[in-house]
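The following blocks contain the structures, represented as structure tokens.
There are two complexes below, and they share subunit A, which is joined by subunit B in the first and by subunit C in the second.
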Partner chain A sequence: MTTEMLLTDLRLMIPELMLAIGAMALLMLGAFWKGEAGAARLIMRLSIGLLILCAAAAVWMAGKAEGTAFHGALRVDDFILYAKTVIYLASAGALVLASKYLETERLAKFEYPVLALLAVTGMSVMVSSNDLITLYLGLELQSLALYILAAFNRDSLRASEAGLKFFMLGALSSGLLLYGASLIYGFAGATGFDAIAAAASEDGAKIGLLFGLVFMVSGLAFKLSAAPFHMWTPDVYEGAPTPVTAFYATAPKLAAMVLVARVLYEPFAAMTDEWRQIIVVLAVLSMAVGALGALMQSNIKRLMGYSSIGNMGYALVGLAAGTALGLWSVLFYMTLYVVGVLGAFAVILSMRRAEGMVEQIDDLKGLARTHPALGWSMTALMFSIGGMPFLVGFFGKLFVFYAAAEAGLWWLMLTALVFSTVSIAYSLRVVKVIWFDEPAGVFEPAPAGVALISRTAALATVALVPVAGVVLATAIAVSS
Partner chain B sequence: MLPAAAFYILAASAVISAFMVVTARNPVRAVLFLIVTFFSAAGLFVLLGAEFLAMILVIVYVGAVAVLFLFVVMMLDIDFATLKAGSTGYLPLGGLIALVLAAQLALVGLAWVSADGAALQFQAPTPEDTHNIAALGALIYDRYVLFFQLAGLVLLVAMMGAIVLTLRHRDGVKRQDMHRQVNRTRAEAVDVIDVKRGEGIG
Partner chain C sequence: MLSQLPILSAITFLPAVGAVAILILRVLMRAEDQALLERNARGVALFVTLFVFALSVLLVVDFDTSQAGFQFVETIPWLPAVGISYKLGVDGLSVLFVLLTAFLMPICILASWKIERRVADYMAAFLILQTLITGVFCALDLVLFYIFFEGSLIPMFLIIGVWGGAERIYAAFKFFLYTFLGSVLMLGAMIMMFIAAGTTDIEVLLTHPFARDIQTWLWLAFFASFAVKMPMWPVHTWLPDAHVQAPTAGSVILAGILLKLGGYGFLRFSVPMFPDASAFFAPMVFVLSIIAIVYTSLVAFRQTDIKKLIAYSSVAHMGFVTLGIFSVNEVGVQGAIFQMISHGLISGALFLIVGVIYDRFHTREIAFYGGLVHKMPVFAAFFALFAMANVGLPGTSGFVGELMTMTGAFMVAPIWAAGAALGVIFSAVYMLTLYKKVAYGDLTNPRLESAQDLNMREWINLGVLGVGVIWLGFFTTPVTDVTRAAVGQLVQQYQSAQTPEAADMAPIEGSS
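Showing the complex of A and B:
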């Protein structure tokens, strides 16, 4: 590999380089800076700035940079750059949510933002992977950093349990994924996506490849928290510190979904009919578990956990279409989902009483009367996540359903519609508590960053409606 | 003939000792069987022409990892019999799933068809004219440099995790400070006290 080749390759991974080098530089800064609290605050701010810079770099690269690097190990195109931009911005938002919380809960250490940056590097590598080895390394980088963040509050029994559970099941899923990858390598003779695509288009090798694919999709479904691989989700959501939950309910979910989409659409494009069966089963089970499980929760973080399982199901409905329209519908849906969930967690992080954080749904009683802005925000966000017409979440779902119907999956679309109505029920329950119950007490004023994100996200559920409408109309016009 | 015989012997010993790792009642014995598994795998690597990997496996896994396991197992005094007590209840269902999976694997194995030209696509065939270490180096630091660096990042995260989750700064712990000890002068180490007669040191 000559210097020019290396430089051309490195040019395609500018955001990842910025993140990795930035994370290591900040780590050094933190290790040698005198005074723990000051270092934590400074590095948190610098990390947020770095993530925004990376998002800007990704936007700048869009349209200019396209191609593969490092002998086809990494791929960059507009689809991937879009996903990266959303990941960087969502992670920056999650760090903003974390900064005040960590200080008040005596968790402020400079390692938190550095680990978050490394996790984002992992996600970034994941979404641009074009080789099974890149895929695995990116996934592992992301998950390892997230396991540590989940157990970050090491003196809390619940957080340690969440971290351990997350780690054990994550290790199991990595094992499944690797086993599948080794089978695929055995049948295709290569780990690169292009070579696998060539092998998949031949008839003879399909059974072997499919066998490997089943294991790989199972491993990836763990990371997506799609049923029946969802068992860890509610416990980890509940046990981990709230900003950590906010972090991995957003960017990693999008990264994992984009990864699944790329694995299915690129190397295994020739086997769409085969993998569609797996995705349909995952989608239907996730929607059922998410919708029915969320009805019975009393803890708002667990509710968000079940809601995320359900929402992954809807995104998989779009993926099952197997068309370009389906791919874009998934990305659109996931973007709206990330915005909604980030806002909902900002509201949850505002639920602080004099005695500490509270996280029961009953603690929201009468929120509309005691804190009107927060009450309105949560109402809009819950409706948007639940898919109530006519907030943006509804258009996201409409797009996904349209993609499924376009591909002829009518019965899947109808099933999704039924579960979608059930999922509105749990949003309605939260909204009822907010508006019609007697106030149970007041919350402390939320930190400025948290308040900003909850208001902005809530406004976005309404303000983005015209954008969503235009996107949907364009998609329908292009496809018909 | 001889390589084939060596393969079957090594493969059989690998499978049998791996089975013993899982079933052994005594954890120390399980770790020892794990070492046998590593040795068999190293032998298989030699048969494949990857001597360097075989040596690394022996040095790193047998020499460091397994011995570390042994220490941990001996120090923690875990009673595996009680840990496993509840697992018999899951045996029927788990066994059934395992059986189904094994049957499926066998079916796929029987229908094994490699893609045309799969052998040609092998990304790194065993080199003929150079030794293992040079061939591996040329691959890892050139073609696979990205993977190498990413693996380094993963290890960095693991190291940070170990520090973040376990390191505690305790107050009032006396630590050795070589610099201060060596630089101690007579003036700060020895105090000459003028004791007055009849009063003592009070």
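Showing the complex of A and C:
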């Protein structure tokens, strides 16, 4: 490999390099800096800055950089760069949400942002992977960092339990994934996506590849928290510190969804009819579990957990289409989902009374009266997550339904429509508590960063509507 | 002159601008200034709605009644290549509903002057609601239509749930979920139409011939949505709950305008776009309409709550509308539109009447009242006027609407028209009984002794509506002139689109 080739390859990996080197540098800085609190605050800020810088780099690369690096192990194109930009920005948002919380809960340690950066590096590698080995490396880097974050509040029994549960089930799913990958390697004779694609389009190896694919999709469905691999989600969402939950619910979900999409659409494009059945089952089950489960929750973090299961179901509806339009719709849906969920968690992090954080849905009682801005924001966000027009979340749903219908999956679209009625009911319940019930005490003023994110996200659910039409139209034009 | 200006966008979005202004001030103002904002929110809302009303009058005056097509069309292409655009426009079918909305809104704001709780939020919710409803009537793009149609649930949900009566939460959820489920099926149908026709432009879709088997499915999906909204028997049960629990102005909007979205939807989508399916299902609609008219009239007679009685009477009157629409001849359809406009005024006025006595005595029980004519003569006179209009007394707008729809129905199915005529008799029975119990007799209840007659705001509200009802009762041409060209085109298009085998299934004279 000549130096020039190496440079070309490295140029494609600028954001990952920045992240990896940045995380190491910050780790050193934290280890040798005197005064823990100061170090934690400084490193938190630097990490947020680094993530925004990476997002800027990804935007800058869009349209310029395209191709594979390191002998086809990693791949970069506009689709991937878009996903990376959203991941970086969402993670930066999640870190902003964490800053103040960690200080008041006496958890401010510099390892938190460093672990988050490592997780983001993993996600970045995941979405870029063009080979089963890089796929697994990225996934594990991400997961290991997230396991630790889940148990970050190590003195809390619930957080430790959440971390342990997450780790056990995560390890199991990684095992499944690895087993599937080894089967695929055995039948395709290669780990590169291109070589697998070539093998998948021949008849000979199909059954074996399909076997491997089932295991792999199961493993990935765990990361997605798609039913029936969703069991860990509500417990981990509830047990983990709230900013960690906010982080989980956004960037890793998008990364996992993009990874699933890439695995299915690139190496296994020739087997669309086969994998579609798996995705359809996952989608229907997720929508059902998410919608019905969320109805019965009293804890808002658990509610968000079930809501994310349901939302993964809707995104999978778009994925099941197996068309370019379907791919667009999934990415679009996930972006809107990330915006809505980040905003909703900003509201949840504003739920602090004099005696500490509260997280029951009933604690939101009368929010529209006691904190009008927060009340209106949460209303807009809940309706947007529920896919209610005239908020932008509706366009996400419209788009995935359209993609599914266009691919001929009429009954899947119909099922999704019916479940969207059930899932609007839990949004309504939150709105009911906010608006109809008598106030039950006030919250402490939220930190500036949290307030900014909750307001911005709520505003985006309305202000993005004109933009959404443009995206929709562009995608249809591109795909047709 | 108006056609150069984006007047429809102005009418549609000005209320939302007002609402946003109120909300931004609400967030920015300090806690001690909130009272000031609460006081002035009413004034802002009234000013905005009156301004929008003036614009709507200009719109109707400038409307060219000789043209059947869409006018004042505004198109901002989102992407012309695939036919998605932000497109607004009105024709003879919709322009009067825009005016009706703009007319009832200031009345609602006036009727809510005495609201004490969370005035700023209340006014903002009403203004947002106005934007969404007006948008439904103006939208010429499927996606846009759906956004407005469905979006109107959110402010109405809040209005019922926050400012409603004792059972308000149950009523708000029922209202929301019922309508949402219906609408969701419509969304599926819209996606199907987009895929079949390749565009979401309503103007183009109106001329697109959909295949017969698809039409049936699309028609049923749209029916699921509009029948709930209308509401038709047997999916009307959300309406009495919602009406009884909603605050007075909420009931006025609900009965006056929101119910008309269903009828408008039938006229805009079901009949012109799916003519074969409409012909096929018309007998079913007739049967449901007659059941609605007769059954809900009987139910209304048995009510002990005034608001519930009027709510059931609304269902019965909407039965005439569906009867007129699905007879698909000029008299019937024009009658249906007339009936919707007239019912918008009459039912709005009746809910205001209930609001007047509810504000004074805080009960809607019929048994509580009696002999109000002695203490509140002006009120009793207005009540009599609107009760008669609701019955369909000649000289009021109610008569014209019922007569025209029944004539239209008679031309295709005389027996069913006879059934509908029964409803007219029943409506006289329950309205007169109600009037007798509330207004006449001796003043036996001592708590009624302190009754005050109408104040200035109530006078203005009821007076304006009363003039409208009587004026339309004598001069029908202002409405029929506007609708004639568009209805003519609709009927003609419907008849020429009938495929031979569908014509066999259409209701012919005397058959059902």
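Keep in mind that, in the parts below, the second predicted complex is superposed on the first by the 473 of 480 C-alpha atoms of A that agree within 3 Å, B and C clash if a C-alpha of one lies under 4 Å from a C-alpha of the other, contacts with A are read in each partner's own complex, and residues count from 1 in each chain.
Just so we're on the same page, a residue touches a chain if its C-beta (ideal position, glycine included) is under 8 Å from a C-beta of that chain, and two chains touch if they have at least 3 such contacts.
Everything quoted here is computed from the prediction, not taken from an experiment.
Name the contact category of A:A251: first (subunit B only), second (subunit C only), both, or neither.
A:A251: touches no partner chain.
Looking at the overlay, does A:I133 come into contact with subunit B only (first), subunit C only (second), both, or neither?
first
After superposition on the shared chain, which partner residues are touched by A:I80: those of subunit B (first), subunit C (second), both, or neither?
neither
Using the touch definition from the top, say if A:A425 reaches subunit B (first), subunit C (second), both or neither.
second
Where does A:A108 make contact in the superposed view: on subunit B (first), on subunit C (second), on both, or on neither?
neither
Mind listing the subunit A positions that touch subunit B in their complex?
Residue positions touching the partner: 1, 20, 24, 27, 69-71, 73-74, 109, 111, 114-115, 118, 121-122, 125, 133-134, 137-138, 140-141, 144-145, 147-148, 151-152, 154, 187-192, 195, 198-199, 202, 204-205, 207-208, 211.
Which of the residues in subunit A end up touching subunit C in this complex?
For this pair, the touching residues of subunit A are 368-369, 372-373, 376, 383, 388-390, 394, 398, 401-402, 405-406, 410, 413-414, 417-418, 420-421, 424-425, 428, 431-432, 435-436, 465-466, 469-470, 472-474, 476-477, 480.
For the complex, give me every residue of subunit B touching subunit A.
It is residues 104-105, 108, 111-123, 142-147, 150-151, 153-154, 156-158, 160-161, 163-166 of subunit B that touch subunit A.
Applying the document's contact rule, which stretches of subunit C touch subunit A when the two form their complex?
23, 26-27, 78-79, 81-82, 84, 86, 118, 121, 132, 143, 146-148, 150-151, 153-154, 157-158, 161-162, 168-169, 172-173, 176-177, 180-181, 184-185, 187-188, 191-192, 194-195
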